[in-house]
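Letters are used for the chains, namely A, B, C and D, taken in the order the chains are written, and counting of residues starts over at 1 for each.
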Amino acid sequence: MNKVVSIEKAIENIHDGATIMISGFGGNGAPHTVIDALVKKNVRDITLICNDSGTLDFGAGRLFTNHQVKKVICSIIGPNPESVKQHSAGTLEVELYPQGSLAEMIRSGGYGLGGVITKSGLGTLVEEGKQKITIKGEEYLVEEALKADFALIYASVADTVGNCTYYGSAHAHAPSMAAAAEFTILEVGNLVEVGELEPQEIHTQQVLVDAIVLRGGK
Amino acid sequence: MNKVVSIEKAIENIHDGATIMISGFGGNGAPHTVIDALVKKNVRDITLICNDSGTLDFGAGRLFTNHQVKKVICSIIGPNPESVKQHSAGTLEVELYPQGSLAEMIRSGGYGLGGVITKSGLGTLVEEGKQKITIKGEEYLVEEALKADFALIYASVADTVGNCTYYGSAHAHAPSMAAAAEFTILEVGNLVEVGELEPQEIHTQQVLVDAIVLRGGK
Amino acid sequence: MEKELAARFIAKRIAGDLKPGYLVNLGVGLPTAVSDYVTEDMDVLMHGENGVIGLGKTAFDIIKKTEGKDKKLVVQDDLVINAGATKAGISKGASFFDSATSFGLIRGGHVDVTVLGTMEVDEEGNIANYMIPGKRVNGMGGAMDLCTGAKRVFVATYHTSGVSPKILKKCRLPLTAKYAVDTIYTEMGVFDVTDLGIRVREYNPEYTLDEIQAATEAKLIIDENVTTTPTHYFENL
Amino acid sequence: MEKELAARFIAKRIAGDLKPGYLVNLGVGLPTAVSDYVTEDMDVLMHGENGVIGLGKTAFDIIKKTEGKDKKLVVQDDLVINAGATKAGISKGASFFDSATSFGLIRGGHVDVTVLGTMEVDEEGNIANYMIPGKRVNGMGGAMDLCTGAKRVFVATYHTSGVSPKILKKCRLPLTAKYAVDTIYTEMGVFDVTDLGIRVREYNPEYTLDEIQAATEAKLIIDENVTTTPTHYFENL
């Protein structure tokens, strides 16, 4: 099933108020073409789940600059002054998690687990209001699974059905996000034919991808 | 750090009573050379963690035939009549888990998580005596993380520091086991030089591997 | 219906309900035969819980296939097997992954259909297919995860054990999963588990609805939408 | 000690405690400089929590490197960055992986050393390095996982804020982690967090032990094993 579509077609169902996961780390490895289109479409009131709020003009950060984000769930907002400012002004809700917990919370959402049993955040503000559990005499914090309506991810290379391979720092949360969303849009640098990727070099399986767009929107 | 050693050296610290994880699925993708050596060394009273008890003469199953296993933690014992017989006779303790829970329990042990929050096994005998947890109004079972003294895994290709790539059905629980054990022995089909594997095709990272032996023991 | 023919009929009938793009996991035994009726143009993908998407029907020489590109991966005994540990081939676009990922796909609802055999199934959709107390212990393997996680659970089974019904009011054997089964396929017909009980969707006209109810412990819901199984499912078995 | 020199001295001193085979994660800021003193023959691997083992010191053209073998992977802007989002190189034997794996390695105790900067650290090994209430919010990033999961937590910090001590009896800022820190490296010396409190392992002879205690809120344990920092750590900074 060839899933390559135009960027307009890919994002046509992304609606105001949607919960959206966007891949990338400090903007690196983010689906820049899809983000461009999201800015242009001006989808509002987004609940954004991402590693960090990027920077002003790179990665998911651009959605803050354009005031499209209502709430962000991530581990760092510092490097994007716009997200910090909106948070201080009370117009942006921010939920911060330890990055490793965030990674597992997204994976849990995608992989049918209810949450994460971790020590990260124990004895800190992070544990406030959360369940704890004792296993073999040791205390752990329970962090709940995250899911989304849409995942927007990027991979260096993919075939036309959505099998893909990440490269360098573009990997990050992308495979877990692809699993955790109802509808996953994969932006790809180089598109290849089915069969060109060897079975053991595929990082995210075709069944997790719903639409494919080309970087640059060609 | 070149980790390639003789099979004798690799297993020299495996002692009676050790908890050992062995990779493979129905014996396929198991570290047959290391198992050979373990049978020859006749290590006793092993607590074995594996996908299944293999068959009489293939994979981890051979350790049952040689009466080396005190307890097995796995998801299937049916295809190995010796493990079934020893269990019936009361000489082999058996702890069975849903295969997906087992996979996450091993991964949790390796990745510093206390356990797994899953629905698999709810409402069945599997839930007996275990903790449950409610998240967003839904009930889940808590399965505890598994760790081991040794992991014996197999990969098709590895470099001399232990970066490796699995192929076909040999993947299974191997990457999680490598992380969950104090000491991991990697049996490899084809050994290559460091740098021959591309960074994005490495499935298990060198830091998880302590010793490397060649298939066939050459 | 003669037993072997029944098995083939059930398999073919299930294959008819697989839609393009579906990721399908087939249990061992009766369900495995479903793949005989899955053709390439159906665009259905087979999942092996041991870490494969795109299991092929026939075993082709996977080793030979990779010799060209990735010589270093050619190891004599590295094979692709299915969940029944039998040598298997792969289709174009196949991928390999580890068990944690494989069961993540299962629990996460990314497997569209799992087809499982059973000893018992009941009107609440409970299923018991992994153990008989006091008998030889086997282990549940991936069945509990599949029943809990797959989007649709199809049961492929002979309608009775030969001695007694398998479709019960309430399972008596230890359960594999609760409220799991969506549809039951037998040689007598197709039965959907609904909130009100088990509804006959269609039946094999070799049997009367009375005969089918008599072979079933659960009370069947038979309404005006019931049809007979289309004749093409009885052909070329 | 002048501030910039102090930073280089601290970095060099920490590098001296890294053993062959160690997997090391360097935080942003002061800790990053440690890599300047890690030479290839030390056989130390650098971990980037964004999914890299084998981060290199200098940015070489990773794209060019892969052009030979895997043309299809050459995408103009696919880079390797470090956790500070700066372009980085990789060393031989490097591997890439996703965040779930990366933090699995961290929480699972597979990272031998994490080097972190801090605002406060106390005699119980508590550390506070991610937020000041009422000030600009940043986020904890990977610091909590690193403090909780890494085998050894090394703190690299100036001994005082310039105004007040950073090594306290009890942290006053919100904690990043409890009971986490193993050793504190400052321009004044090396301080191990023990069950009895903070023990001076060695000190910079530019300062007296009295001066060091005066700059420290926590009561320091000074025993007969205390030494001065070897002179080679002050050379070639």
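Heads up, the rule we're going with is that a contact is a pair of C-beta atoms (placed from the backbone, for glycine too) under 8 Å apart; a residue touches a chain by one contact, two chains touch by 3 or more.
Since this is a predicted model, take the numbers as computed values, not measurements.
**Q** How many hops, at fewest, get you from subunit A to subunit C via touching chains?
**A** 1
**Q** As a test of understanding: of all chains, whose mean C-alpha position lies farthest from that of subunit D?
**A** For subunit D, the chain whose C-alpha mean is farthest off is C.
**Q** So the centre of each chain is just the mean of its C-alpha atoms; given that, what is the distance between subunit C and subunit D in Å?
**A** 53
**Q** If you average the Cα atoms of subunit B and of subunit C to get two centres, how far apart are those centres in Å?
**A** Averaging C-alpha atoms per chain gives centres 28 Å apart.
**Q** Please report how many Å separate the Cα centroid of subunit A from that of subunit B, as a whole number.
**A** A distance of 32 Å separates the two centres.
**Q** By the touch rule stated above, which residues of subunit C touch at least two different other chains?
**A** If we look for residues of subunit C contacting two or more partner chains, we find 52, 66, 73, 96-97, 103-104, 106-107, 148-149.
**Q** Could you tell me which residues belong to subunit B and also touch two or more other chains?
**A** 104, 107, 112-113, 118-119, 165-168, 171, 199-200, 203
**Q** Sort out which chains touch which and give me every pair.
**A** Result for touching pairs of chains: A-B, A-C, A-D, B-C, B-D.
**Q** Note which residues of subunit D are touching subunit B in the complex, please.
**A** 20-21, 23, 43, 45, 52-54, 66, 69-70, 73, 90, 92-97, 103-110, 148-149
**Q** For subunit B, which residues are in contact with subunit D within the complex?
**A** Per the touch definition, subunit B meets subunit D at residues 1, 107, 109-113, 159, 161, 163, 179-180, 194-195, 198-200, 202, 205-208.
**Q** Given the complex with subunit B, which residues does subunit A contribute to the contact?
**A** On the subunit A side, the touching residues are 104, 108, 112-119, 131, 133, 135-136, 138, 140, 142, 144-145, 165-168, 171, 199-201, 203.
**Q** Please name which positions on subunit B make contact with subunit C in the complex.
**A** 25-29, 51-52, 74-79, 84, 87-88, 94, 96-104, 106-107, 118-126, 156-157, 165-176, 189-190, 192, 196, 203, 215
**Q** Show me the residue ranges of subunit C that touch subunit B in the complex, using the header's touch definition.
**A** The touching residues are 48-52, 62, 66, 72-76, 78-81, 85, 96-100, 102-104, 106-107, 136-145, 148-149, 174-179.
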